[in-house]
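Take a look at the structures below.
Both of the next two complexes hold subunit A, though its partner changes from subunit B to subunit C.
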Partner chain A sequence: MLNVEKIVVSYGNIKAVHGVSLTVNDGEFVVLIGNNGAGKTSTLKAICGVNPPSGGKVNLNGEDITGKPSHKIAAKRVALVPEGRRVFAGMTVRENLDMGAFLRRDKGGIEKDRETVYELFPVLRERFRQPAGTLSGGEQQMLAIGRALMAQPKYLLLDEPSLGLAPIMVENIFEKIIQINRQGISLLMVEQNAFLALSVANRGYVMDSGEIVLTGTAQELLENDMVKRVYLGMDETEEIPI
Partner chain B sequence: MVWQQLINGIMLGSVYALIALGYTMVYGVMKFINFAHGDVYMWGAFFAMFLARFLGGQFLPVLILTMILTGILGVLVERVAYKPLRRAPRLVVTTSALGMSIVLSNLARLLIGSATYPMPKVLAVHDFKLGSSAVINNIQILVLVTAVILMVLLNWFVNRSRYGRAIRAASEDQETAGLMGVNMDNVVSVTFFVGSALGGAAGLLVGMYYDAVYSTMGYAAGLKAFTAAILGGIGSIPGAMFGGLLLGIVENFAGAFLSNYRDGIAFLVMILVLLFRPGGLFNAKIYQKRV
Partner chain C sequence: MSKNRLIQYVLLVIILVTVPQFIKNDYALHLLIMVATYGILVLGLEIILGQTGLFSLGHAAFFGMGAYTSALLVMRLGVPIWLGIILAVLASGILGFLLGFPTLRLRGDYLAIATLGFGEIFGLILVNWDSLTHGPMGIPGIVRPQIFGVVFDKHMYLYLVIALFILSLAVAFRISNSFLGRAFRAVRDDEDAAEFLGIHISKYKIIAFVIGGMFAGLAGGFYAHYVTFISPDSFSYEDSETLLAMVFLGGAGTVVGPVVGAVVLVLLPEILSFMVQWRMLVVGVIMVLVMIFRPQGLMGGGMRFLKRKKELATMAEKD
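Moving on, here comes the complex of A and B:
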């Protein structure tokens, strides 16, 4: 279980996150939705040790990992697919995947997992010698996810995987994300596209101005009036279009 | 005449390239110019001189031990002068590097002396005639072969090894490399060790070739190698290799045909490159795959 308790994240004098608590149970698919600047990315970065929180606690299966450097948290099998993909552009697709497995020494296992990633995203196999910078946005997103999977994560944190992608590509990637969750990897996903996020997740949190303002099962949130109005852009009278 | 200058230029250039790699690797990972690198190279030459005195004319053991000692010196310099400034603006770190440069060269004067010392002979000099006009001796061949082998090894290390990949990843995006489990402290130490070890090897080779080691030898060589790194595109490993060779050749031809202006010509080339191709000839902001 990944348990975040009242974390505070500040950049200088500006508080981006004040007192956010959330939980991801084993095998669960949890989404964090909210507007731009609500503090979603800061929350993920605080969990991963990129921007250590200035207050609160992050617990992983009962172990306190608050404020540990990111390379130590990576060793605890918590992986982040960062916003904007952040693939190593000058390195080949295959080298990017190998970077994901940086902490592993089991050559056979790495080989096997690389095959698994290639099966999940066949286009990566076709392009394995290509520099990652030459891939399309969608392919880079696939690579970023594949790279994170190479670390054999128990908890996979995804930051805006749909950002800047064509609708058909978004659909494709979300299908794969669901598959990853079905394999038993717990997911915490930040997503601006609230409808899409809630239609695939088990539970959700709604964030606004650095705080959690609402939480519930994905279904409850989809039916919530406030969520409908603010995040799904619907009138209360309208039905959810499927 | 032309062939002779080309041979001399390639030889000198291969040494510039070895030193330039230290600048470019550190810049790639830490984004500052390690101005103390020239003095680390000078210390490498002194390490080599003492080792050669102890071990006699055994080239390979002297080379390997020189590289290890110089590598350790580079790591120590980083720990003392740069690590405490990891989060400081780059200008501050660069200033610290300038300070470290002065400390290292003065330390050499204090501990060893300000004279010019001969390098114990590792082998007797033989000249070989190439055609009718050019001459190459076995020391030149040894310098060139050693430099090329070291660059091939470095290329293997950077492109094929686990830590080499981590260095390239960190030079592109430190934050994301950290998410992959890369410990930046280790990457920085490995980078300084490898870059300084190559500088140490260059110190031995230059000391051997000119049969002279002195406490201020790091200044001019460091500046030239820095120019070579800029020429190729700072941060690019193949760029440093290419830039070193080019600078060595240009300088030798300028020296042969325009006598006293060789240094001026070398830096003029740098200014022209910066004006017309600021990213360097390889135009690289990051480590590139293969040479």
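Moving on, here comes the complex of A and C:
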């Protein structure tokens, strides 16, 4: 279980996240939705040690991992698919995947997992010798997810996987994300596309101005009036109060 | 290794062993020795700059550290030359650690300036620590190596430096193809992404500086006992700059590229020497042209790295 307790994230004097608590149970698919600048990415970065929180706690299966450097958190099988994909542009697709398995020494297992990733994203197999920088945005997103999977994560954190992708590609990638969750990997996904996120997840948290303002099962949130109005834009007669 | 490859290597060794025998001209031998020395030096910078992407403007300091370490140990303490060169390698490696550690958090331009300062400090120490280094006068009369009582002549120096160069090249290739090389390139392409994947980037940056320093230390140790006179002038900022130019001209990140760069930049000014005062101008023009028409360097490959930097820059702007 990944448990975040009242974390605070500040950049200098500016507080981006004030006291956010959330939980990801084993096997669960949790989404964190909210507008631009709500503090979603900051929360994710605090969990995986990129910007250590200035207050609060992050617990992984009862172990306190607050403020540990990201490479140590990665070793605890928490993988991040960062915003903007961040593949190693100069390396080939296959090298990128191997980088995901950097901490592993079991050659046979790595080989097997690479096959699994190729089965999940066949286009990566076709392009395995191509430099990652030459892939399309969607393919790079697939590669970023595949690379994270190569670390055999128990918890996969996804930051805006739909960002900048064509709708059909987004649909394709979300289908794969559901498949990954079905394999028993717990997911915490940050997403601006609230409708899409809630339609695939088990549970959700809604963030606004650095705080969690609402939480519930995905179904509950989809039916919630405030969510409908603000994030799903379902009532066009009313102005968005932000 | 395939059979063809093996034959290629054997042929290469035969050429390298026999060809020098036919070179009788001292000047030509000297140039070849300098090409190989610079070859070893740039292999070190290639690991730091080409593979790991750490912009270092102080590589000459590692070269100087190696040269001074071996020269002083041999001259003052009577250490055997071979041991002196080995200790030079270690000393430069330690210097690499001393540079890498405090500059860990620096990236890009900031790191470049810090390494520039580091090189300057090293030069100033050489000039001002009179009692140890003889100051700006340098150290003359450094002992030449001997083998079975025979003092090294130019041919023997050439064979020695070729052996050291081949050893360095093999080590550089081995590193580039190992998990170390992969970690270096991951740090170069995207530090943050590397960190998420469990790569302890600080550790690998320091390792890059240590290994790069050791290559330079080897070149320096050899150089001191070859030219038999060293002074702070031989390890100045200009030399760091030349090394940098060799790496980019040949192709950063390709291992072989920087060596090609070293060959070109050592030999070109000599080949053009008939032009007297115009030759450095011609060298400059050639470098500008290469950078315009082949920004990835003569041996290619580095392009992706530069492009990636550009991409990152535009991404940062968007943020």
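As a working rule, the second predicted complex is superposed on the first by the 235 of 242 C-alpha atoms of A that agree within 3 Å, B and C clash if a C-alpha of one lies under 4 Å from a C-alpha of the other, contacts with A are read in each partner's own complex, and residues count from 1 in each chain.
The criterion applied here is as follows: a contact is a pair of C-beta atoms (placed from the backbone, for glycine too) under 8 Å apart; a residue touches a chain by one contact, two chains touch by 3 or more.
Treat the numbers as computed from the prediction; the structure is a model and nothing was measured.
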item	value
Superposition on subunit A - do subunit B and subunit C clash or fit	clash
Partner chain(s) touched by A:K112 [first = subunit B, second = subunit C, both, neither]	neither
Touched partner set for A:T92, first subunit B, second subunit C, both or neither	first
Which of subunit B and subunit C A:A79 touches, first, second, both or neither	both
Contacts of A:S70 with subunit B and subunit C, given as first, second, both or neither	both
Subunit A residues contacted in one complex by subunit B, in the other by subunit C	48, 50, 69-71, 74-75, 79-80, 82, 86, 88-91, 95, 98-100, 102-103, 131, 147, 151
Subunit A-facing residues of subunit B, complex	162, 165-166, 168-169, 172-173, 175-184, 286-289
Residues on subunit A engaged by subunit B in the complex (per definition of touch)	48-50, 69-71, 74-75, 79-80, 82, 86, 88-92, 95, 98-100, 102-103, 131, 147, 151
Contact set on subunit C toward subunit A in their complex	179, 182-183, 185-186, 188-190, 192-201, 253, 304-305, 307-308, 311, 315
Complex contact set, residues of subunit A against subunit C	48, 50, 69-71, 74-75, 79-80, 82, 84, 86-91, 95, 98-100, 102-103, 131, 133, 147-148, 151
